[in-house]
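Next, two complexes with chain A in common: one pairs it with chain B, the other with chain C.
And then the complex of A and B:
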């Protein structure tokens, strides 16, 4: 077993265990911090694949900025409202954090396995590993602002609309200026 | 095995440097504060130039009781100082220390630096929440608001440099300055925004609201003592060094300079920037939280965006 393999197994275990704890831990604060660990582990996997731009952006956007937003959400909400879901009926139990993960997790695993087999069997899929680009940033920039410029711009307009919508919604709901 | 050995050597080297750097910066901070504010204590301690003070500090911290508050969230409280050290150590990876000397010259060095430093917020949140103390939580919230608002202008202020150098690799940015001249002259607006935002990111006066001792005791590290508190301080002084080093690499030509070897220039320039930071710390009073947020969102952010647009226009016309 070589060292990249050891690193991969460690990171994969870190992602899986912390993602599982996000769903099962009763405290929202702990769930938030486990989510950060999950994101950091995914960034580590990207580093292992030598996609260093993707890894750095994953850390910056998800583990950094999204975590800040989640922390604010936790801090600004009333902690008495955030009680863990206890099973009431069968439907509530399936949706709850204690029991609900089994069927959903099973379905997800089956789906991912199916996708992997399908992709592997599809023609034109490279069976040998491709050498990573020496400087992936310029390739990503070329793709984003060259051949895929239109989808990129559409996505940014969508984000802008979401941002304006969020501002309008909070203004109407609050009704008072801070 | 060679990979492991090299990695271990790098980690040990960085940790030794972090310790030595903190030892020296604490001494420097006491001296600077002593001279600026006419404090008699720091100017009269024993040893050559008062160096015994730092040794006494370390002995005191090692001997102090490590006390955990009763209602603390055990794991968060225990892990927070360790987590605060992680970004402090990781950023050394990409610093262009010498002409050919970088621990790991990543192609996205600058983005890596900003993304790793954003982890500091997690450690502060863990400490503030885990302590189960309202002053700690208030300090953590202030730190959160502050890091959150100053991260954006900090990153945007560096983009002007990236546009001129045409790379995110820190060694390439420094190398571009050896031919082009230091970016400080062209990117003076970017540098001012960068400098203000990096002082705010470090939670140092005039932006030290996160620990404002006259209002909330000591903010997020109220409940820490002994070596755990020392780890927060170690991380803070290490961050002071690394963010100054990033400023030197981006705006003052990094290792570029005549006669002396590159790494000497790099350290010399970095410590000059660190000194200016300390000078500001001991000269200015603390600002209010609304002034802090106004400065971040209404002044630094528009100025840094205008700087990017201006730089891009000039580059396009040229």
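And then the complex of A and C:
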């Protein structure tokens, strides 16, 4: 077995195991930390795919900024809302009345998984990747500021609107007092 | 990572077929969907959506590396997905904080004020 396959299997296991822990852990703090691990693993997959720019951005924005925002939200929201530990394992949770609709969620997910497998099972996917251009980051910059300049500006306006909206939403009510 | 123009075959993911990346992305998407459907905490639902968006990004980057039609254009698209995900996380978590402050909880099953 060659070393890219080993690295791929390691990263895939890291991503999937920590994502599964996000879905199942009873503690929201643990879920946050496992989410960070998932993001780091996805960044590793990007490195493996020679997407250097996206791997760095993934680490900076997802594992850095988004995780910081999520941790702030967890700390600022009511900590009593953490899902209490209700038995260990999925079977105990299915049995509890709180997760009576868990089979429905599971059935939906299995349906989507089946559709994805059906779509991806086509023969003839390429076996080997094409080598990246040595200046792939500058190519992305050229695409973003060249042919995709208008969507880029729209995305910046979206981020500005999201920033202003988040500030206005979370402002203390009756903020005129001081 | 890129070995330069002298070694065009020096791809880091050489030996890993495309369908493996697609399988990991599909599994990650389904786990994210499961998180978003199963949890009743608004922050956990947002985490599930972030997982799904990450899976889509893995697919985009894998396709841009294995089936390049126009250079690395798929990576530029993934950058847009990332920007939209960041905006969505900011607004969604702000909403979670304000709902928690006003109603004393972010359990989405309790947020039924506009239910007919």
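Remarks
The working rule: the second predicted complex is superposed on the first by the 126 of 178 C-alpha atoms of A that agree within 3 Å, B and C clash if a C-alpha of one lies under 4 Å from a C-alpha of the other, contacts with A are read in each partner's own complex, and residues count from 1 in each chain.
Just so we're on the same page, contacts are C-beta pairs under 8 Å (C-beta built on N, C-alpha and C of every residue); 3 or more make two chains touch, one makes a residue touch a chain.
Keep in mind that this is a model prediction, so the values were computed, not measured.
Contacts of A:53 after superposition: both chain B and chain C are touched. Taking chain A as the reference chain, the count of touched residues is higher for C when chain B and chain C are set side by side. Residue contacts after overlaying the shared chain place A:63 against chain B, while chain C stays out of touching range. By the touch criterion stated above, A:136 is placed in contact with chain B and with chain C alike.
Once the two complexes are overlaid on the shared chain, A:36 sits against chain B while remaining clear of chain C. Taken together, the two structures place residues 52-53, 57, 65, 72, 134, 136 of chain A in contact with chain B in one case and with chain C in the other. Looking at the complex, you find that chain B touches chain A at residues 3-4, 73, 76, 106-108, 111-112, 114-116, 118-119, 121-122, 125-126, 129, 137, 141, 144, 147-148, 151, 168-169.
Considering their complex, residues 1-5, 7-24, 26-35, 37-41, 43-44, 46-48, 50-51, 54, 57-58, 61-62, 64-68, 71-73, 75-76, 78-80, 82-91, 93-98, 100-101, 104-107 of chain C touch chain A. The touching residues of chain A, counted against chain B in their complex, run 3, 29-30, 33, 36, 40, 52-53, 56-57, 59-60, 63-65, 67-68, 71-72, 75, 134-137. For chain A in complex with chain C, the residues that touch the partner chain are 2, 4-5, 7-8, 12, 15-16, 19-20, 22-23, 28, 31-32, 35, 38-39, 42, 45-54, 57-58, 61-62, 65-66, 69-70, 72-74, 76-78, 80-83, 99, 102, 104-106, 108-110, 112-113, 116-117, 120, 125-134, 136, 139-140, 143-144, 148, 151-152, 155, 158-159, 161-163, 165-166, 169-170.
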